[in-house]
Amino acid sequence: MKLLEVNGLTVSSPAGDLVRELSFSLEHGGALGLVGQSGAGKSLSALALCGLLPRPLRVRAGEIRLHGESIPPNDPQAWRGRRGGQIFLIFQSPASALDPVVKVGPQIAEALCETRGWHRERAQERARRLLETVALPASYAQRYPFELSGGMRQRVLIATALALRPQVLIADEPTTGLDPLNRMAVLDLLHRLRREHHTALIVISHDLRAVSALAPEILVMQHGSVVERGATSRVLARPAHAHTRELINALDLLGGRHA
Amino acid sequence: MRLGGAVSILKRLAYLAVVLWGVSLIAFGLFALAPGDPAEIILRDRQEAPSRESVAELRRELGLDDAVPLRYARWLGKTLKGDLGRSWQTGEPVAGELLARLGATLELALAAFGFVVICSTALGVVGAVYQGRAPDRLARAWSILSLSLPNFWLGLLLIMLLALHWGLLPLMGRGGLNHLIMPVLTLGLSIAAMQGRVLRASLLEVLGQDYVRFAHAKGLSRWAVLKRHVLKNALPPVVTMWGISLGHLLGGAVIVESIFSWPGLGKLAVDAILARDIPLVQGAVLFMALVFVLATQLADLAHQWLDPRLARGQGNQGNGRRD
Amino acid sequence: MAGVTKAFRQSAMARTGGLLLALLLAAGLAAPWLAPHDPLRTDLSQRLHPPSLDFPLGSDQLGRCVLSRVLFGARVSLFASLAASLLALGAGLLAGLAAGLGRPWLQALFKAALDIALAFPGFLLALVLAGALGPSLTSLVIGIAGASWPWWGRLARGLTLGAKEKEFVLGGRVSGVRGLRLIRRYIMPQIAPPILVAASLKTAWIILAMAGLGYLGLGAQPPTPEWGAMLQESRMYLVRAPWLMLAPGAAVTLSVLGFNLLAEGLRDAMQVKRARSW
């Protein structure tokens, strides 16, 4: 049985479809890349997979199966209890994903209190250890998000993922906007999560590099539809769709492909 | 940072002093320079015919013939010592008259404030949770209507129906809980509507933020998200508004106190103004402005204290910004 | 400005408010032709008649026609409110622009003046000002304008400070646009729409304050028909002649409702435009 199966997922706004017929499946410990320009529908797909689409957006058609069980995509109740432990999403912009008026430590710890029923002290202590795991001083638990840099905030999000150890982790643009050292560190952490906890990864990015480092298989999206899919090495070496070639060429022009 | 805190408190105090000095100028200037000879008014209040000699003597007695700056300095000096002069109508010290009315105003203000907090929270939460749907529309229609109802008319309508027609409530004056119902409704309805709108906007703004969605993604229950993230972010601006409205309420609900003959500061001020009892007006105005300024300052402090970005003396860099 | 017109056309709420106001203003203007009686003529033989064909909204304690008084009252109440509103708007805008654009010492001076004036609850300040000047309609208008301008000043100052920092305004300043030209070309177009919405809300407040002070006995003196004063006179007859209180109160409510609907509708329509931009 597959861990996650998505069949014909279609996300719509009142004005029309924004994601069309997205299908893929994922094994325990597997990894998948979702690539495309901004506006291709990657982030919306991610939100739909967690049942977090903001109104008036909704899933118009398609099926999401977790452990073989179909989850009604527009029913918020059905997702509660699955989010966090089974499927978790690291948001695109770490600056806005963290609550500005709550300290970092409690933001990590509350996930454990809520989904595992841990005591506050135990969860707080774990949060401090996890901050050290992502190479931040444990004392940063007492800081507010605005007192951290962009790279540090991204690490806090990853520490949250490490705390939850979800079966499926969706990382939306995890390395965008980070300097090279931070980027390496984040990729490494995601890799570890997959290796040590068997977390299945969905990595979303406009940056083929970030994806190719993590996922053996990728989907290329354009205007809400998947235009190409296959093994990452094959897609990079012999792109079949014009849009994939565009993305690769753009990467070459920036001199980044082999960096 | 501690030094920065001390400096900011000093700055705040200095600014407060400037504002209060301006308030004293207005309170003194308005009536001291207003048309009409105070001496004549006093004599009339004493039921004496104002002859030229008696007026002139009284003017000398009150120091009205001195230059205005001198009169202001004298008045300010006495005021700072807590001596607000004597009422021209009763001859009693103004400070005593004010204190005697304080209890009634406090009672009405606090009751109305409680009403406002409860009602505005209900209106705001319903509006935000059911945004765009029937309950929200209803709450909105209710708000616009209560904002449009003049409180003096609402007061009269309530008196006509509840007190005179059905005889359910006492007509006017201060007494038990019964006496509070109509004044509180009259006073609180429009303020609650206004604050409900503010709370709704604030809640909606927060509900649309990424960190709320991220909290859901972490697997938090709805209640936990509301308690730990939504309210924490939505409340500070609302608390500020609540503080300002408490200032308004404490500053004397002038009209409502008049309608229901509530023996508070507002009624005292209106009666004093209509009787041109200048020391009493000056004292009441000074007192109400002082209360109002302090309430707004406290609200501001509460806001700073609730928002760590302000509390730690930083701007709100890097928050809620998308790239 | 085009944005405001468009918002007005889009919002049913704004149009309802506008229509309501147009009707009330027209009723005030046409009062001499619409009113069935002379609003000032007393006739003690016709005291306290309930609404009838002759007196559509009844007659008051001096036998005057309530409908005629409410109609003529629209002239007094609405036009005095509009005058006070415009006066306050003008003064407040000037002060706000000075506090936002002037030389540093001028900015500081105006900011302090605004803060001092804002230290009074608005209605109290209006009451004291109007009281000091003595009861008359003129002093009421001055008192209310004097209590409202700081509110405008603060709004205009905030908006001006925000507008000033926008890049294209900075561009204009760098290329030498100064003074009135800068205000007209760059600042006004940006701050006008929110100011219009606020103007509508503030006028609603002013009508309330005007009638409220009239109710307290400041403002227009008898026998001038003014809504607030009419309500004060109706107090004695709440049981015997409730129509005396219903008509002027409803007139105030409808006027305030008109401005509130206009403001809410405009704000809605303009906000939606912004929200759709994603």
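Just a few scattered comments:
Just so it is clear, A, B and C label the chains in written order, and each chain counts residues from 1 on its own.
Going forward, a contact is a pair of C-beta atoms (placed from the backbone, for glycine too) under 8 Å apart; a residue touches a chain by one contact, two chains touch by 3 or more.
From a predicted model like this one, the values you see are computed outputs, not experimental measurements.
Among the chains, the centre nearest to the mean of all shown protein C-alpha atoms is found for B.
Taking each chain's centre as the mean of its C-alpha atoms, the one that lies farthest from the centre of chain C is A.
Per-chain CA centroids place chain A at a distance of 54 Å from chain C.
Chain B and chain C have centres, each the mean of its CA atoms, that are 21 Å apart. Contact of a single residue of chain B with at least two other chains is seen at no position. Against chain B, the residues of chain A that register as touching in their complex are 47, 50, 52, 54, 80-85, 88-89, 91, 93, 95-103, 110-111, 114-115, 144-147, 150, 160, 164, 176-177. Across the interface of their complex, chain A is touched by residues 208-211, 213-222, 224, 228-229, 232-233, 306-309, 312, 314, 316-323 of chain B.
Across the complex, chain B is touched by residues 112-113, 115-117, 119-121, 123-124, 127-129, 131-134, 204, 208, 211-212, 215-218, 228, 231, 234-235, 238-239, 242, 245, 249, 252-253, 256-257, 260-261, 264 of chain C.
By the touch criterion given at the top, residues 15, 18-20, 22-23, 25-26, 30-31, 33-36, 140, 144-145, 147-153, 156-157, 159-160, 164-165, 247-248, 251-252, 254-255, 258, 269-270, 273-274, 276, 281, 285, 288-289, 292-293 of chain B touch chain C in their complex.
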